[in-house]
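Consider the two complexes below, in which subunit A is the common component and subunit B and subunit C are the respective partners.
After this line comes the complex of A and B, so read on.
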């Protein structure tokens, strides 16, 4: 493969940007799975709610308000969903959880299609995020003229900040300590007198909120149409599985891996369209628990 | 008990199904079904009965059975187009091809259970979907779908209108009968034991993998037959045959009807296609929304689907003192 340094750098950047959207969806998925043990097929639909909310608020009131309002609204939606629906399914088989969230995904998608129509709604990027970045100004080893869309770089930064925040929350706070303990052994935690139930509610809201952040920044990149939810959910699920169900680090690693794989195979269209499935199959056959999956987690 | 009595007992459901199915062209139009929809319902009855052998018996939820349906449909289409317009060799080759793929996928995916299995099957199906759209475009017609097939023939018989319906219905009755036979057989019992407690089954020294693979492949064969018949019914194959929508639809049908009952999923298939094609006229664009809501309501309140609902009604209105 003869590739110039410039092309290589651009592929890396595109890989990071693809991985950024994936990680923002997969992080919520794996967080919810790891703590609540719920397989949430409606997570793509939560992202869908986020992008429609974001585009509506952005086009009416500006991007700043969208950024302030959408994540908290998604948090509330997540909490309500957990209390109203998901809670009833903790004791039911995983297949029932898949089915009910799959139904929920259809309902949300169709409601949004009804309200906003099936066509793509243009999502205008705020002026400060528009335009391009001259990469050669920052990376001296590049030759000549190398540019990259500014918004996509912002997306990468947002993903890094969000991932760091989630890790900080889980590893530096008392709340995070309880959640991590709950991921390992929820029953034991209840024996110790910790109200895990209320925290489950917060975790589901948190997962939805990350989807909200993804929607605000990812909307302009992924487009705003009813199919986007499912289109993103399938690769995100694969990423969660590749990384190891319930492993946050694994989700991050797998997102980058898939993003890079898609970016670097872009010139070879036949491989590009199936690379994500190939990687999934190979990894699950070699490492059945995924890259960083812990032993005993949902065997 | 005489042999005759036994026969009646074992095959009552099959005979009732045969009666309802064969008379469909007479009563179905009365409730607004157009001709042709009955054929489609029968095709999906085959698909879901097979799917129930996997999901209902062994408890493995596949989100990728559209792969076998779609692969078989493509192969049938290509065979009709370039080999012969006789449907028999086309269906045989198509089912064989899909079975081969099913054995390979089954061997790989059945190593995992639960959500891993669901996602792996989904991944394989999506992979075939992507392949049909890109590297196999030359044969599959890509985005436009596979068209230009001649009128399918059963030797000298043109497969059109009622002929297709009765051919498909005959297949559906036969395959339903076979599924019922499998259910009663020792093999069927093993499959159901996998759903109950796989670990315990293995402790008794039984090779559960063998039965899982068998259930997977049988259900794939049913899906493949349905896929091939779909092309006989309507000479067109689109890549949506392979997509997750198709897999999801089968799951919805099975669950709405009642997983594990064989009859239930067929009720679900009939209901869903009737809903999609007839009732949707009144609901307009929002039919899928209503269907999704019904699906959710069933999962939440009536996990056994229509069959559970029927059983509950029976219990309420037809129970006498001694519980008969």
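After this line comes the complex of A and C, so read on.
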């Protein structure tokens, strides 16, 4: 298939949009891993809870309330999960953490399937987000008929805003300073009299809340079915690894890279299905700590 | 004197020529008698789980109880349980299936029981589950499945073990084509028949000068569905702009839909099924493809294989006007369909899906074949099913073709209903055309494959 300027633009937009979903999931994942050192395989299930909550509230009460309610509810779920289960595994080996969070993910997935059925639940886009954007209006160099769904562009904007907010929180606030210090050396922070455990609880809740935002805006794109969580989890984990364990900037960069790679290889099924693994292998061979992984951190 | 003596001597021996002839006739008659009264009672050796011991016979229902097709699996299981109920107590299609030797007293006088398994829509899991049912639970027949890959995997295993496999929902040409097996039977229609039935309707509806782009699920069914749709739409004068194979577990199709947008195609054919189709169709609608014009014509979306559960998942606003095919629909008004819908609805509170229909009919057809053969001995049951012609099961006059074990029957061209046209929460699709069996019939030789021997090596 010849790559015209129109096709190139469409592929770039698609890559950005795919990357946006990944970044919203990988961001929470890398935040939790970077801060708490917990490999949270239940993060995909948190996204799953978010999309089911979002579609239920959206269908019953409208999108506005879904947007207002879902992220805080996910924050609370995250906090309860951390206090009730995850904190008991901080000092246990990574394999134990993986087993318990993976088990939890399966339980959540099957519970949702039991409650809502295995089939998709239609998630209608609110009227203000429906329709298509004529790209020529914004990118005059394009010729002819190039369109893109408005909702997917909104998703890209939401991802940019969320990423910016998380960066601002971590780099412009005292809370962020403590968290970043905790990511480097939690033990030293405790010696300095900082109650890092309470902050870890908030970080876990924050990671879950980002999954909540992803669910509200990503649900109509990824669809609402019980399999979605697991399907997004593997690429999101690889993104965390490619970006550098615990590196937020790395997660953003890797999300865009994977999104673009998937978009540009779409016509070639055999490359398309393995491209994410191919990139992971190449990056880990060339740069074992990941794209933006700090030297000595989780290396 | 000599003559008299001679006659006396013969008498003393007790055998006259007439006696010998009588005895020979009687002996011959006695020797043949079991064949008159025990139909097909010839060399029946132990095979698979034959002979069936005890007063019960066990059937194995292997359906997806978890995974992407769990809802369809649940409906299949409901239908199987209903079939067992009717086989043991009468009712349902036992009253409409013709010809039928079913009495409502089990199968061959044995009470029908069942075990269930979970295929997980995974070939390895389905084989493990089927093997467990065969080896541990001693099932005489296995049936089920909601995917061609799974059906084909089980069909091979059952063939090897001498157990008849009555396919559930499988639509790939391969199931009764290159992968056909002597012990496998498919009541459901296939991708080739879909292409043959749907393409003339598409050309009538959308015109002959059309350019199609296919998005195709990357597995056995998707491949054969795409080939068949391309073959028959091109026979109608359409051209093909492109085809992209999409991984089965794709949820976001934007990367593939971008390629469609960038092509000069004015028809998008989604060779996807189940959740895959729901996702791709919903994505296509989000991309504005239902309201788009290409080449001066409305861009049309086609879903070759439809089901009510898929239509529900996609939402009626998205499927409004979209054409496809189905094997059966609960709105059909023939006697067989009506009685099945009534008994199913009475039992479960909602009408059955096409998956439920095909699984129910398969169970009855197997049971009836045992009754016709007078035995559970698989080779004889297979012979009873081969070239069996029947009616009253919801698809008009139907032939279980002996040469490839494919049912040749009427199929339905369906169209999605608009939200305002729906009369109930189960009413998503309307029947546009019932294409008769003769029209969708084909030469089984085109797909190759060998059924193999009646007694597996």
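What we mean here is this: the second predicted complex is superposed on the first by the 296 of 299 C-alpha atoms of A that agree within 3 Å, B and C clash if a C-alpha of one lies under 4 Å from a C-alpha of the other, contacts with A are read in each partner's own complex, and residues count from 1 in each chain.
In this text, a contact is a pair of C-beta atoms (placed from the backbone, for glycine too) under 8 Å apart; a residue touches a chain by one contact, two chains touch by 3 or more.
Here the structure is a predicted model, which means the values were calculated and not measured.
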_Under the stated touch criterion, which partner chain does A:107 make contact with: subunit B (first), subunit C (second), both, or neither?_
first
*After superposition on the shared chain, which partner residues are touched by A:58: those of subunit B (first), subunit C (second), both, or neither?*
neither
*Which partner does A:99 reach: the first (subunit B), the second (subunit C), both, or neither?*
first
*Touching A:237 in the superposition: subunit B (first), subunit C (second), both, neither?*
first
*Using the touch definition from the top, say if A:88 reaches subunit B (first), subunit C (second), both or neither.*
first
*Using the superposition on chain A described above, determine whether A:4 touches subunit B (first), subunit C (second), both, or neither.*
second
*Now for A:273: first (subunit B), second (subunit C), both, or neither, which partner does it touch?*
both
*Once the complexes are superposed, what residues of subunit A are shared between the subunit B interface and the subunit C interface?*
110, 113, 269, 273
_Parts of subunit A lying in touch with subunit C, wherever the complex brings them together_ = 1, 4, 6-7, 10-11, 13-14, 17-18, 21, 110, 113, 117-122, 124-125, 131-132, 146-149, 151-152, 220-223, 225, 227-228, 231-232, 262-263, 266-267, 269, 272-273
_subunit B residues touching subunit A - in the complex, by the definition given at the top_ = 59, 61, 108, 111-116, 118-120, 122-124, 126-127, 130-131, 133-135, 244, 248, 251-252, 255, 285-286, 288-289, 291-293, 295-296, 299-300, 303
*State the interface residues of subunit A toward subunit B in the complex, per the touch definition above.*
39, 85, 88, 92, 94-96, 98-100, 102-104, 106-107, 110-111, 113-114, 230, 234, 237-238, 241, 245, 269-270, 273-274, 276-278, 280-281, 284-285, 288, 298-299
*Contact set on subunit C toward subunit A in their complex*: 66-71, 218, 242, 244-247, 249, 251-252, 254-256, 258-259, 261-262, 275, 278-279, 282-283, 286-288, 292, 309-310, 312-315, 317-318
